[in-house]
Each structure stands twice: as C-alpha cells, then as structure tokens.
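Okay, so subunit A shows up in both of these, paired with subunit B first and subunit C after.
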Partner chain A sequence: MSSTLKGITLKGSAELVAEFFSFGINSILYQRGIYPPETFTRVTHYDMSLQLTTDPKLKNYLTNVVSQLKEWLFECTVQKLVLVITCLETNEVLERWQFDIECDKSAKESSAPREKSIKTIQDEIRSVIRQITATVTFLPLLEVPCAFDLLVYTDKDLVVPEKWEESGPQIINQSEEVRLRSFTTSIHKVNSMVAYKRTDSV
Partner chain B sequence: MAEGGDVEWELSKENIQPLRRGRAISALHQALTQQQDGLSSVINQQRQAFESELRMYEGDDPLDVWDRYIKWTEQTFPQGGKESNLTTLLERAVTRFTEEKKYHNDPRYVDLWIKFAESCPEPLDIYRYMQAQGIGMTQASLYIAWSEEYENQGNFHKADLVYQEGFKKCAEPHDKLLQFHKSLQARVSRQVMMEVEDDDSDEEPKQPERVSLVDLKYRGKKKAIALVNRTGPAIRSVSGGLQSRGAPVLGNASNTRLMIFDESKAPTAGPSEPRLEPWMAPPTSRAKENEKRPEKWCDVKKSKFGHTVMAPPPSKPTFQPFVDESDQPPTMTPCKINPAVNTVLSARKPCREGTPLKRLQEHHLQQKEAELGKSQEQSMYCKDLLLSGATEFCFEELRAERYFKKIAQDTQEVSGQKDHSGSSAAK
Partner chain C sequence: MDLEDDTTVLTTLKSFNSFISRSDQPQRPSDQSTGTGHLQSQYKRSMELLEAADRVKSKNRYLQLDQEKKQMELSHKRARFELEKAASESARGLAHEVDRNQELLQRIKKLEERETEAAKNLAEQVEANRTLRKNMGGLNKKLEERDSALNTANQNISSLKDEIRELKQKIQSKDSAISAQTLENQELQEQLDLQRRKYQEVSQLCQSLQSMQSSCSEHVIKIKELETRLALQEQDIAIVKTVKSEVAKVPDLEKELKRLRDDNAFLRENRENCSLLKEEVEGLRKKLERMEKTKEELVNMELEKERLAEKLQGWENLGQYTGLNIRKPEDLSREVIQIQQREIALKEQNYTLNSRVRSVERSQSELRTEVSQQRSKTLEEQKKREAQDALVRRLQKRVLLLTKERDGMRAILESYDSELAPTEYSPQLSKRLREAEDILQKTQNHNAEMEAQLTKAQEETGSLKLQLQKVELEIEALKKQQASAADSSSLATKEEVSLLRQKIEDLEAERQRLEEQNNVLEMRLERHNLQGDFDPLKTRVLHLKMNPTSVAKQERQQEVDALREEVTNLRELMRSLQDGGGLVSSQDDSSLHRSSLGLSLPPSKEVLDLRKQMESSELRNQRLKEVFQKKIQEFRTVCYVLTGYQMDITTENQYRLTSVYAEHMDDSLLFKKGSNGSMQLMETEFSKTLGEMVALHLHHQKSIPAFLSAVTLDLFSRQTTI
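The block that comes next holds the complex of A and B.
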C-alpha cells in the first residue's frame, strides 16, 4: 500500500472505485429510506461519517456485487453502474442513480503508477457522497415502499456471470435529471447523475 | 470538471425546504441564481401576472389559478420565508373556497388545506376544523396527513383511529389509504419490537421506580387520571415532541416551582367524537406553558444579597470542531433579495391576531353574518378584488388590467375583420 501514497496503479484504482460504490450505494439506500434506518450503523470513512447496512442479506448481496465490479473495473470492461429505485407494488421506476465509468484502457498495458495522491482522490469521492446526501433538498419524498436494483453496463462481449441476468435500461419517462460531481483516479473516471420523476407543477 | 452551475443548489442546500413532491431542478436553479444576482424583477413580474389573473379570472375553475400560483411560489422561493408569502397565500386560498361545496372533495383543494395545516402551529385543530366543515372527507390524503401528525406526536392509537374513520367514509383512493395504514402498523409493531429487545438487552432487571414528570395513561373512558401506580405499563411510553429513547429522565423535583403544562387537562377532541364542537365560536384559549404574570421591572428590590442567579458563562466546548483540511472560504456569500419592484403598495401583512384557525373561524362567522344581512359594515367598492391576492392592488391597476384586456380584444377583432375582408376580396 505504500506505493499508493505516491501514485496509483490499476489495481489500486479499481479498489478505490469499488469502495466508493460500496459506500455510495449504502448511502443512497440509507438516505432514501429503502431500508429502515435502524438497520444501519455509523462508520467513519473518508473523514466523514457514513451509514453502512447491518442487514446480513443485503450486506452479502452488496459484497458480491462490489467484488464482481472490482474485477470488471480491473479489466476495464464496465461502463455504467445504475441503481434503480422502484415502487414495490407497481414496479414503476421512481429514481435512477447513474454512475458512468470511463476507463483509461491504456493503464492495462503500462503498469506504471499514475501521479495522483490517494488523498486528493478521497477528497473528490467525499464531495460526491456529500452531494448524494444533499440531494434530499430537491428529490421527491418516496411515499411508497420501494425496492432497489443494480444494473451494470459492461462491454458487449462479456460473459454474464452466474446470478446476473440481462435487463432493460429501466428509464423513467418524464424525468428530471441532475448531474452530480464526478471524481477521477486518473485511471477510472466516475460521473454521477440522478434522475427522478418530474413534478407535475410549473 | 464541467459542472458549472450545478453547484448552486449544493451551496445553499440548507436554505432549500424539501417538498413532498420534489423540486424541478430548473426552477430551483433559476430561483437560486436570481436570488444571487439580486434580480427579482422577473419573479415580481410573474407574481404580478398571477395576482392579476386571480382577479380577472372568469372561467368556472378559479381554484386552478390559486393552485398554480401556490405551486409556483413553492418552487420559486426554495427557502420559504417572508418574501414567499406562502402562508398568507395558503390561508387566503383555503378561506376563499370554504363555502364552495363543489371543491370540498377536490384533491387540489384538500392538498392546499393540508399544506396550510402543516404551516400552522397546531395542525390537528385544522384537521378537526376540516372535518367539521366536511372538507376532504372522502380524500385519502387528508386521513394520511392527519394520522401522520398524530404519529409525530407519538399518539399511535389516535393515528390508527384516523385511518378507521377514513375507511368508514370510503375515502379515495382506497388502495393508498390501505397501504399507508399498513405501513403505519408496520412502524408501530417494529417500534414495539425494538422496545422489547431493549428491555431484554438490559442486564440488570429493571426495578419499578417512581418517575416524576411523566404522563400517565388514561384508563377507561374518563380522561381523568386517578392512578396510584406510577410505574411500569401505566406510564405512557412515548410522549410528544422529541422522543428520547431509553430510560425516562428522572426529574429533580426538589424546590422547583414550575407550572407544568398538563396536556390531558387541555381540551381535546378526537376523531372518534366528531362534530361535538360546532366551531362557530373561537375555541377557548389553550393552556399556556409556564406563563408568567406581567409585573414591574424597575425598582425591584433584591430580596437577599447574593441570591441572584447569574447565568454561568458558556463553557468552551470540550470537543474539537471538525475543520476541513482543505478549508477554503466559501466562494459566494448569499445576498438578500432586492425589495420588491412594486413599491407603490406594500405586500399585505397578514393580521397577526390570534391563530390561523381563529382567523378562519372569524372569516366564516363574518360570511354567515353577511348572508343574514347582519353585517355592520358594507363596502361600496370592490374590496374583494383589491384584497383577494397576497398583495394589495390599487384601483388603477385593476382599471389598467381591464383596459389592456379590452385593447387586446379589440385588436383581435380588428385583425379578424381584416382577415375576413381579405378573404372576401380574394373572392
């Protein structure tokens, strides 16, 4: 790990981005009340306190997803991760959190670490997560019980692993889209965005 | 990164009131930039347009204008506050249509009432008033809002009763009501479960101990409390306001002479007993907390030297406030909105007498009197038109409005005639 202090390798970058997704997804699930707040516990990471789920099933699911994602990030084959929040009863898509991932594929050939300190990257990640928290100011209240789903967009020729299935994009019709901040490890760049159902007014 | 204007909402996130329906990001962005630039003329123009539309509307759905006006206000003034005039608007809107039976179960009208109630200090009173007036009786949203208010105050029993009332009245949409009722039950049962777990996890067995300053449960139909047993289940587990989990605070009741506000003595009327109060007269004033009689402040002799209580100087916090290492001064400071462009007439100040509910009732009373011809004063000008919005209009404004309308009509007619003549000439 001492090498990451100076520069960043592909492996380290994949790990950092996967870690961001783990915390980011947990934050969204907590902020949007998909799971009851009692099932979360507070941890300190990135110099800020974050909520992590304690629900064993959810934890297991997320670890699986994130470790799979890490592989894909390492191979630079992932393009997007989308967290979709749907109404439990009608299956209507209410919110869509989209994280576009741009991979610098040249990093696969040359193993030389890039010049970017882990601290700057974490600062960037922190501001993204802060922004996720701040979105409650304009997002509509989720009044109905909701479920969530994770979609991963990969390069086309990839074999679908077990327990994953192909699905549609789950787009919200008549949505309002807000771009959030982005961060980059200089190998992976993550652009975040949230889409939600448009209010009927104005 | 090209995120340019998107940071605006984040910088002022504390000043944006969350809305149930969410916000349109474009409106939010616009509102925040305008506020920052101090350019409120656009907003003022829009508001003026709404105001004149309120007065000039001739269609058969006047509520629509109010509804759009209020929604626009919500989106345009993200921080709420005095400039938005939202409470005044809501109050005007709901009073305006109390007599119109056709709106009583209109979802838009009921929504306005609920928003109004939420902006009032005592929403429960408003909901009861609505019930007495028969407003929103078949709207599920009323029962949901009402029940949520009870739930916030920790009164789960009443919260449930409200839903029962809603089912009895066959409120629509039924599915929604059912679903919210279910989630209420789920929340209550989860809370009960957690309390049980908490009890189990306590290692030392809880001794029944006498707790002071704690509300007791009612027993039987009477609301009078005559319980000797002040321990165990007789104590109401959740009290209103901030809920403190865990052991109730043991009040240090020595030599305190505080008058304690007793909720159970204050008059209450539940949904189980509707229409007890005719709501024709303002209700008796509520018991006030810790009221102190006015007395002379000057020339008060100190009774004993050294007995005066000095407020201790605030001690320094024992913790280190967290400061970002990369701390930079904020790039922009919020600045005040310029005062309204329209300075001829000031925005109407809502009369600050009494509670909103009281004002509602007085208004109701006045209308009744006016119908019976008992009213003492009679205005010989179109008072309604001048005062109907959130701001006051003057006669000239009204006249100009009519004039422009007429001009517009005339030009339309003229051009219509020209078209007509043109086509006839072509023949």
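The block that comes next holds the complex of A and C.
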C-alpha cells in the first residue's frame, strides 16, 4: 500500500490482490468448516468483520503461499489461484474455488500508477467476499472430514521455487459451476468462481 | 345504662332504708311492752347506739360503695370515652364490655343481696338479742357474738371490697385487652386493606395475564403466519438465488458477447481472406480446367492411340495378310507426325480464327465508335435538315406573303391604271412597276435559289440516311458475327460463373458451420476453463509440497498405520491370551506367555497384578478344596462310626445307606429326597426283607431315624446271635 490514494502501482496492486487472497481463503475455510470455528478470530477489514485463523500451522502455510503469490503477482506470471477441498476418506475433490487472475503485463514496463482509488477496489473486494460468504446457502454440506490445498496456475516458463512442486489440476468429476463477482485493480483482474461436486439428489 | 345503674343503686338504698326504718318500728312496741328500766334504757340506748353505729357503719359502707361506684362510674366513663373514641370501629367490643359491665352489676346486685341477707341476719340477731334480753344473762355474750358476727360481716365486706378491687383490676386488664384488641383489630384491618389491595393487584395481574394469554394466542397465530411467510420467503430466497446465479452468469454472457463480436470482426477479416482465397481458387480452377482439357486431350490421345493400335493391329493384320511395309512403327510415327502436323495446322487455323475473331472484335469496336460517330453525324444532319425544313417553310410562307403582296400591289396598280390616266403618272408608275418587278424577280430568284438549296439539302439527308442504313446494316452484320463468335466463349464463362458461385456458397456454408463449431468449442473450452482445465503448453500448476491436504493425508495414513499395528498387536495378544486361558494350570503357560509377550506390547501392570491375584486365589481355592475333602472324609467316618451307616450319594437326590452290621455287601437302603424335602424309602432287595419294620416305623410312626435304629438293632442282634 505504498501508493497514494490517487492511483495504484503494480506493487500496490499485487499487495492488494494478495491481501484479498489471504482474507478470501480464510473466510472460505471458516465458512466451509474445514477448520473448527473456534480456531478463528474476528478482525475488521474492508469495513466488515472477517474471520482469521489462529492455527499456527495454517497461518504459517498461508503466509508462505501468499508471500510467494505476491511475488508472482508482481511478476504477472500467475494465471489462477485455486483452493481445492478434498475429502480425506475417498480423496475425492468436492469443491474448487477458482480465482482467475488476468494480469495487465503492460504495467510491468510502464511504472505509471493507474487511476483507480484503493477505496473503490476495496469496495469491489468486499462484495466478492460477501458473495463468498453467501455461497454457503447453496453449496452442499461437507459432511466428511476434508482438507484443502492451494494450487497456483503460473506461466510455463516460471522457475519452480524450492518447496513447491507441480501438481495435477484436481478437477471435479461432474461439477456444477457458479461464477462469482470479479474485481479489478486495473492491473490485476480477479474473476472468482466456485465449482462443486454435483450431488445425486439434484 | 348509667341511669339504670343509678336507679338500681338507689332502689337498693331505698329498700335498705325502708328495711331499717321497718326494723325500728316493731322494736318500739316491744320496748314499750318491756317497760321502762335502766337496763332497758341502757339497752335501748346501747341498741340505739348500736343501731346508730350500724347505720353509720352502713352509711359509711354505703358511702364507700357509693364512692366506689362513683369511681367505677368514673372509670366507666373513662372507658366509655376511650370506647367512644374507638366507637365506630369497636362497637362489638363495646357491647361485649357492656355485657361484662352488666355482669359486674349483677354481681354487685348479688353482693347487695348478700348485704340484704346480712341485714336480715342482723334483724334475726336483733330478734335473738330480744330473746337474750329476755334471757338477761346471756345477752352480753350474745352481744359479743353479734359483734363477732358483725366483725365477720365486716370481714366479708372487706373481702367483698377486695373482690371488687380485683374486679376493677380485671376491668382494667379487660380495658387494656380491649385496647390491645382494637389495636389488633386496626392492624388486622390494615392487613385486610393490604390484602384487599393485594387482591386487587392480583386480580389486575389476573386480568393482565388473561389479556397476555389472549395476546399470546394472537402472537402464536402471528408466529404461525410469520412462519408460513418465512417459508414463502425461503422459497423466494431460493428463487432469488437461482436468479442471482443467473445474474452472475450475465457478465459472463456479456463477456462472451464481446468475444463473439471480436470473433465477428475476425471472421469478417476471414471473409476477406476468403474472397482472396476464392480468387486463388478461381485461378486454380482455371488451371484445373486447363489440366482437364489436357486430360481430355490425353484421353483423346489415348483413344486415338487405341484406335491407332487397332489400326496398327489392322495394319499388322494387313501386314500379316499382305506382308506389306506398314508394319513398322516408323509408319505409325509418320502417320502420327502427319496427324500432329494436321493438328498443328488445325491449331494454327484455330489461332488464326481466334486472331480473326479478335480482329473482328477490334473492328467491331471500331465500327461501334464509327457507328456512334455516324449516329451523331446523322443527328447533326437531321438537325440541319430540320433547320432547313424550318427555313424552307419560313421561306415558303414568305413567298406566299410576297405573292400576296405582289397580287395586292398589282391590283392597286391595275386600279391606279384604270382610274388614272396612264399618262399622268406613267413614268413614275412604270418606274415603280419596274422596281417592283425587279424586286419580284429578285425574290423569285431567291426563292428558286432557296428551293434549289432545299432540294440539295434533302438530297444530302437522303444520302446520309442511306449511309446510315448502310452503316447500321454493317453494324448488325458485325454484331451477328460477334455474337456468333462470342457465343461459345460466353456459355463457358457463364458455366464457370455459376460453378464459382456454387463454390462460394458451399464455402460460405462451410464457413458458417466452422464458425458454429468454433463457438461450441469455445464454449467447451470456457467450461473446461471453469472446471479448472488448463493448457499444459502454457500453464503449469504448482502447489506447496507441505500443503494441508498432503499433511492431513499423511497424518491420516500414519494414524491408520498406527491403528492397524495396534489392532494386529491386540489381536495377537488376544489370541495368546485365549491360548493361555486354556493352559492356565499348565506349567508352560509362562513360557507361552513370554513368547506372546515378545510379539505383543508388554502387558500392563494391572494385568500382572490381576494375574497374581488370580494365582493366589486359585491357591487358596486349592487349599480350601483339600481342607474340605479332609473334613468331609472325617465327617463321613464319624457318621459311619456313630450312626452305623455309610452314606453314599448314588445319583442326585438319592442316598444309599449301608449298615455297618450288614450281612452282605449289597444290603443297603435307598432313600430319595422328594421335591418337598421329605425322604422316601426306595425298594431294594434288602428293604423287601424289612416289611414289618417298614410298616411299623415308616407307615405308622413315620420316623426314619427310628426305622434305621430298628434296622441297626436287628442286624446287630442277628450278628451277635451268630
């Protein structure tokens, strides 16, 4: 958030988007009950109350991922961030929260800040997180113990850092997709959507 | 009531006074009858004194009573005042008190009656005194007796006074009790008021409760309504959700629209490319046609070749028949060359024809231009001719006018000639005439000239017309020529055009189809993209090695492994324990156990303790068993020695008794224990011989010990006799 209120730079945009991911992932984990609700604490951000985990392992993991993601966002090499919820018993993928990131690579060359205020961006982010919270109403209940994973779709020419490895796309067999709102910092555009396993009853 | 009290007191007083005066009156005659005497006078005086003293005493008493009464009245009044103060509230209490007062008054009356009785006694004593006076000796004694009686009466009075005092005290205490009661009453009333207020409150609360209940029922109804509304709203929410999801799709659609627009532009460009391609296709088709033509030619050539082959065959046949020279290929080649030459000639002819056609076309175009030129010329000529015609008409008109004028002039001249003398103005007239005639001549000349000109022009136009017709004919001829020349080529081009058009249509259709396919594929691609598919050429999917899923999976795996191990261990342990349980008494249990221990987890301390306990208890059991066996043996021998019977249990509830004196080993008695605990003798060989004893001791006496004793005695006697 080094930029002024007037415009936004690539760095600021990367930080904003990474911050959004941090909060978004936390609220998905809280809403979907992947971690017990007592391990979350309430904070206020984007003028709304959000849940943040207090689990030290999870915190560590998230900070690792988000800091790496920030780097990639700054380099405009990231295409997607996917939160995969897997059933531990059957190893079946039950939900995929996909955030498509469209990077304006021209921002890498020209360092001129874009004219979009942080407040409007945060308003957009807030509505996205609201929608994530609202999706609980139609998503099927997760009745089995589940775990989550974060996949990052990057450009092919990227050097895989240490601690990271290639993974499969973890596609859901027979899924329903719902597009959610999107927001843009005018450098990074984030389209969010959720795909979930179609239940037999429907 | 006070008045009544007063009257009673007064009446008693009156009666008392009357009584006293009455007692006086009869005394007087007795006094008179007894006569005069010192003693008598003395007695009289003393009597009078006594009476006076009595009176004084009674008066005093009366005064005292009166005072007491007054005091009572005063106290009564006080009480009354007090009562009157609380009159409205304690009317009942007052009445009660009045009753008590009445009772007290009655008591007073009773006391007065007692007083009157005392007075009667006194009169009797007076009479006794009179008798004593008669008996002079015992008078003083009697007097003293009387005094004593008086004293006792006084005592009685004092006791009565005491009683009165007590009564007063009682009254006071009653008063205080009354006041206390009134206070209590007030308190009670206050309490009552409080209770009433409470009751009112309670009733209000009840009412409010009822209203609340009614409102509650209303609320329940409302709640139900709201619940139904809620259900409706939930349905609405579901609808809204679906709508939202649809709305969420809108931006996608817009995006798709944009993309499609872009695609459209792209496709338009494609179309242009397509037209270019079409042109190319045309070029290619031309080439193809040429190729086809050459093919046809080839085919023709082949046919010809075949024909030639046939011919050759024919020739060969001929050669065979005739043996002539047309056998070699040279001949054929010669012929072919000839044919080729012919073809070349034909081609040349064709070329010449073509060139002729071209030249004809060229000449046609030239002629066309010429025709147009001629046409314009003719038009010009026509215009000229028209102008000439117009001029001719004008001139003719003018000629007519001039002839008319001349006629007029001639008429005038004639009239002048007739009228005037020819001599008078003859030179003048003749001059004028001549002038006129000259003019006429001139005009006629001019006219003739004009006519000549006209004819000339007409001739010219006619010639031009002829020329025109000629040219037209020429053109027509040329046209025909051209048409005939162009007919063949135009047909070909038309066909080509139609073919090309068809091809274009086909291509268009194909393009459309491809576009649709493209759309479908794009949609599929979008869907795949939504599902998380990616282009492996451009994209790479990464995740942290230590992500929560793998960690959780690992943990789970570890847990499962641990549990599995534990299960196998436990299973092993259980098996070993089961085996060990079967061999608990055997010595090799410990070694087996040790082997199982080697496999399984070490047994807990508890198990060891339990095992120790078990061992000790088993040891104890063993010892007890031994002791019991010893004791039982002892008991049996003692029984045998003491009773002379050895008891054995053959089967359950059956006891065999064998006597110590039995003659045979098999001689025994069998008893069975019935369901109610009674013992019954079973029939045996030995018991059959004891019919008498059975009848006597068991049937008659119903005693088994007696029977057994009898048997013992019998057997003993038998043995000893032997």
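Just so it is clear, the second predicted complex is superposed on the first by the 197 of 202 C-alpha atoms of A that agree within 3 Å, B and C clash if a C-alpha of one lies under 4 Å from a C-alpha of the other, contacts with A are read in each partner's own complex, and residues count from 1 in each chain.
The rule is simple: a residue touches a chain if its C-beta (ideal position, glycine included) is under 8 Å from a C-beta of that chain, and two chains touch if they have at least 3 such contacts.
The structure presented is a predicted model; accordingly, all values stated were derived computationally and were not measured.
> Putting subunit B and subunit C onto subunit A via the overlay, clash or fit?
Subunit B and subunit C clash in the superposed model.
> Could you tell me if A:Arg179 is touching subunit B, subunit C, both of them or neither one (first, second, both, neither)?
After superposition on chain A, A:Arg179 lies in contact with both partners, subunit B and subunit C.
> Just checking: does A:Pro36 make contact with subunit B only, subunit C only, both, or neither of them? Give me first, second, both or neither.
A:Pro36 sits against subunit B, while subunit C stays out of touch.
> Between subunit B (first) and subunit C (second), which does A:Asp123 come into contact with in this model arrangement: first, second, both, or neither?
first
> Report for A:Tyr196: first if it touches subunit B alone, second if subunit C alone, otherwise both or neither.
The first partner, subunit B, only.
> Check the residue A:Tyr153 against both partner chains and state whether it touches subunit B (first), subunit C (second), both, or neither.
It touches subunit C, and subunit B stays clear.
> On subunit A, which partner's contacts cover more residues, subunit B's or subunit C's?
Subunit A has more residues touched by C than by the other partner.
> Please indicate which partner A:Pro169 is in contact with in the superposed arrangement: first for subunit B, second for subunit C, both, or neither.
second
> Contact-wise, after the overlay, does A:Ile25 reach subunit B, subunit C, both or neither (first, second, both, neither)?
Neither partner.
> With both complexes overlaid on chain A, does A:Thr137 touch subunit B (first), subunit C (second), both or neither?
both
> Taking the options 41-49, 149-157 or 239-247, which segment of subunit C carries the C-alpha atoms that clash with subunit B in the overlay?
239-247
> Where on subunit A do the contacts from subunit B and from subunit C line up?
Common interface on subunit A, subunit B vs subunit C: 137-138, 177-182.
> Could you please specify the touching residues of subunit C with respect to subunit A in the complex?
Per the touch definition, subunit C meets subunit A at residues 237, 241, 245, 248-249, 251-252, 527, 529-534, 537-553, 556.
> Contact residues on subunit B for subunit A in the complex?
1, 3, 6, 9-10, 13, 16, 18-28, 68, 71-72, 74-75, 78, 179-180, 183, 190, 194, 326
> Applying the document's contact rule, which stretches of subunit A touch subunit C when the two form their complex?
57-58, 61, 64-65, 79-80, 82, 84, 86, 88, 91, 96, 98, 100, 137-138, 147-156, 158, 160, 163-172, 175, 177-182, 193, 195
> Where on subunit A is subunit B touching in the complex?
Interface residues on the subunit A side: 36, 38, 89, 123, 130-131, 134, 136-141, 143-145, 176-182, 196-202.
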